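You will see two complexes here that share chain A, one where it goes with chain B and one where it goes with chain C.
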Partner chain A sequence: MGPRWKGKGSELKALANPISNSISDLQSSLIESNSQGILSGSTVLLATNPQQTDLLNQTCFGRPVITVDKPNQWFQFSLEEAFYLYHSLKCIKIVDGNHNIKTVNELWDYMVSKRASFPDFFKAYSHLRVKNWVVRSGCQYGVDFVAYRHHPSLVHSEYGVLVFSDGNGNRNGNDRLRVWSDFQCTLRLCGSVAKTLLILHVNRNGEDVICSSPSCLDGFSVDEQTITRWNPERCREDQAAVN
Partner chain B sequence: MGPRWKGKGSELKALANPISNSISDLQSSLIESNSQGILSGSTVLLATNPQQTDLLNQTCFGRPVITVDKPNQWFQFSLEEAFYLYHSLKCIKIVDGNHNIKTVNELWDYMVSKRASFPDFFKAYSHLRVKNWVVRSGCQYGVDFVAYRHHPSLVHSEYGVLVFSDGNGNRNGNDRLRVWSDFQCTLRLCGSVAKTLLILHVNRNGEDVICSSPSCLDGFSVDEQTITRWNPERCREDQAAVN
Partner chain C sequence: MEIEDWAASSAGSSDSEVTLPDSDNEDHCYAYGDLPKLQFRKGGSKARWKEELGMAEIISNKGRMWITTGIMRSGKLYSFLEDTLFMAEIGALHLLDEMDKRIPLEDIYKKVAEGVGGSSWESFEVYRHLKSLGYIIKRHGVCWSMKHDKNVPAFVEGESENGSEERVSVTEITELLSTMQIKDARLVFDVYPPNSKFRKSNPGKPMFILCINSGNPPTKKQIKDLEGQCEGIPLKFCYVEHGRVSFFSFNEIELAVLP
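On to the complex of A and B.
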């Protein structure tokens, strides 16, 4: 199943505006304005200027928040998104409610304290983002993420993503697909919304014990696996018999 | 969400032919012909005469199997279906491959050996069947059963059913709905196929240890719970504001 572009001209439009370019522009702009995200529970808030608002919308990081704070626009990021901007793109600082800048290790501890599986989810998120996939929450479809080839206004998401991990028993992985009925449910739903189920296995490679800083991420590896229904007709030796 | 009848006249047709009547007829017919089901792995096979074929189709027990054994029709039953005909309706005997009639305890042991959660699934299955719901496998929708108000040719299934149990830790229950993404997936799928998610909690009430015969089923109780998405608009105090 290839990408399903939304309407005529979308594919050309996407080709003319690679996501990677927009991300570079976003990165420069946020660095230039010395942007600081504010920790707020399990999210990070960031005030943006109109150019940054535009670039964040283009690259699908966070979601705009409606406030009365004019002319600033505010964006709310998930933990993965915020840490990607902070640690991978190195284009924002992150402060706590008292405007104290967090060190990388403080931030890491904070995020892991919010969700024990954060290292695995962040590894999976960044694994797709560095390949210039647009990654959004999959909660609408009962998966961890959905991945788009380009901006969601131009193309439907191609993959529903579930993140699995060998870290610390099940705690850092995903308590999914243990029984057939869950498999059947997930595949049926992905099929009905024209997505392919992509499993990202995060292998901690023994980095379990020392996962106290983001440097442990370098020791992680990611295996990709797509799962689709087996269709006897499509798998027959005699191709002429199909259809 | 009420029943969704298939086409005009289906509701009247259903009212004129209650499932309970067809089940009584089936029961009499199978008793009269001294019917014997044959154990075959995790299924039971039964040869039927044309009247029984008709009644089994009407009541949705088992599924017809295509064979060259004319004029007999063969039906294949799941473990729950076979045990319901055997133990609840008492209208068939069950034999092994050597035509030896199984005692009730032998049969019980066999079914539990095929699936440790059989007592819970059978309890849930019979809980719905005695209320004259038509119960079929839910594997197409990633649930344990689907429940119809009448024959599937007249009405769409109303409930997707998952079976949970407090028996023996997780082994006899269902490894489902442990994480939000599974919840979201199941609710989204049920919604998209217009079913309500029905959870049947089978409480073993301490019958765990002595569940060595079907008599333990009498000690089980079943709690019913439907799960639907919360819709803020529908829950507002000011009803006039809706729509």
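On to the complex of A and C.
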């Protein structure tokens, strides 16, 4: 399944505006305004100026929060998104409710305490973002993320992404999609919205089971695998046409 | 048609989203007495069941089905239990025992239940599903045909290309077939696309090799191990639940780096 562009001109528009450029502009703008996000539960809230609002929308980081606060726009980020801005793009700082700027280790510990699989999820998220894929939450579709080739207004999402934590401890089976009905369920969901199921296998490669700092991420590796259903009836029709 | 509509609504689901890649059309609930009945074909083939081989030897073959079914050894045609049962179910084959007495369908089902010749009900269901759609299916690890000189035992197995063939006796074949049942995820069938010009003497490469998982879905490691045994031919997995066969492919990809 290749990219499905929405309407005429979308593909050209996408080519003319590479995601990497928008991200780079976003990075500069946030650094310049010394932006600080507020850590609240499993969310980081950020006030943005109009230019940053635009860039965040273009690159699909976070969700706008509707308020009457003018001229600020507020955005909320997931832990992965916030940490990506903070640690990978290094363009925001993060404070707690008491205005204390969090250190990288404090943030890391906090996020891992919220979710033990945060390191794997973050690795998967950043794996996609580094390749300039647009990544959003997949919870509406029963997956972890959905990945788009460009902005969702220009192109349909290609992949429904699940993150597998491989090779951690002795396990004979998968830690997700453990039984066949899991496959059926996820594939049906993905298929009905025309996405391919993409599994990102995150391997810790023997890094500490308790990943104590973000530097452990360097030792992680990510393997990509798609799972597709094969339909012998459909295939046979194609085959007959060929023969 | 009324019955089908009722079946669809009682089955419950119909996604209203974009496209459903697979259809639920096969879900028919039959009213009593409506079950389709297959007619026994006139002039069906005859085969004798060889207990020691776990296979049938075809005595008289009628019809074009044998072009794509069964294996040739020393000019004789043999069929595995799934081939035999498939033909028997559709009335294309009379199976006889050593006394030339007809073996009823019930006894053939019992052979499958016993796992004779490395068979299983699940693998038969998969076989039947694909065979009915016109695919050409052969047990993995077995050649379509081999010719021999008269000095060689009646039944052999091995590579058919050049002269260096591994010759094994009948008992080793039976051992090979019985070990096929031990592992859970194993390579079961070589599947070829529907092809009216198929020749056992020159079958070409299979379209894919099929692995049947009765237990849990395969892990990445298991997939890798099995792919290693496929010599570059695509691998597919399937499992059977309640008479429904589902097929899956696991594909390693490299996601593009976008601009």
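The criterion applied here is as follows: the second predicted complex is superposed on the first by the 219 of 243 C-alpha atoms of A that agree within 3 Å, B and C clash if a C-alpha of one lies under 4 Å from a C-alpha of the other, contacts with A are read in each partner's own complex, and residues count from 1 in each chain.
The rule is simple: a residue touches a chain if its C-beta (ideal position, glycine included) is under 8 Å from a C-beta of that chain, and two chains touch if they have at least 3 such contacts.
Note that the structure is a prediction, hence the values are computed from the model and not measured.
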#### Entry: Broader residue contact with chain A after superposition on the shared chain, chain B or chain C
C
### Partner chain(s) touched by A:Phe183 [first = chain B, second = chain C, both, neither]
both
### Task
Please indicate which partner A:Trp133 is in contact with in the superposed arrangement: first for chain B, second for chain C, both, or neither.
second
### Query
What is the contact status of A:Asn174 with respect to chain B (first) and chain C (second): first, second, both, or neither?
both
### Message
Per the contact definition in the header, classify A:Ile101: touching chain B only (first), chain C only (second), both, or neither.
### Response
neither
### Message
Which partner chains sit in contact with A:Ser192 here, chain B, chain C, both or neither? Use first/second/both/neither.
### Response
both
### Task
Classify the contacts of A:Pro18 with the two partner chains as first (chain B alone), second (chain C alone), both, or neither.
second
### Message
Is A:Asp166 touching anything from chain B or chain C once the two structures are fitted on A? First, second, both or neither.
### Response
second
### Task
Give one of first, second, both or neither to describe whether A:Ile31 is in contact with chain B, with chain C, with both, or with none.
neither
### Task
State whether A:Ile227 touches chain B only (first), chain C only (second), both chains, or neither.
second
## Note on the structure
chain A residues where the chain B and chain C footprints coincide 174, 178-180, 182-184, 187-188, 192
### Complex interface listing, chain C residues touching chain A
15, 17-22, 129-130, 133-135, 193-196, 213, 216-217, 219-220, 236, 239, 241, 246-259
### chain A to chain C touching residues, read off their complex
15, 18-20, 128, 131-133, 149-150, 164, 166, 172-174, 177-180, 182-184, 187-188, 191-194, 198, 201, 223-234, 236, 239-240, 243
#### Entry: Sites on chain B touched by chain A in the complex
138-144, 162, 174-176, 178-189, 192
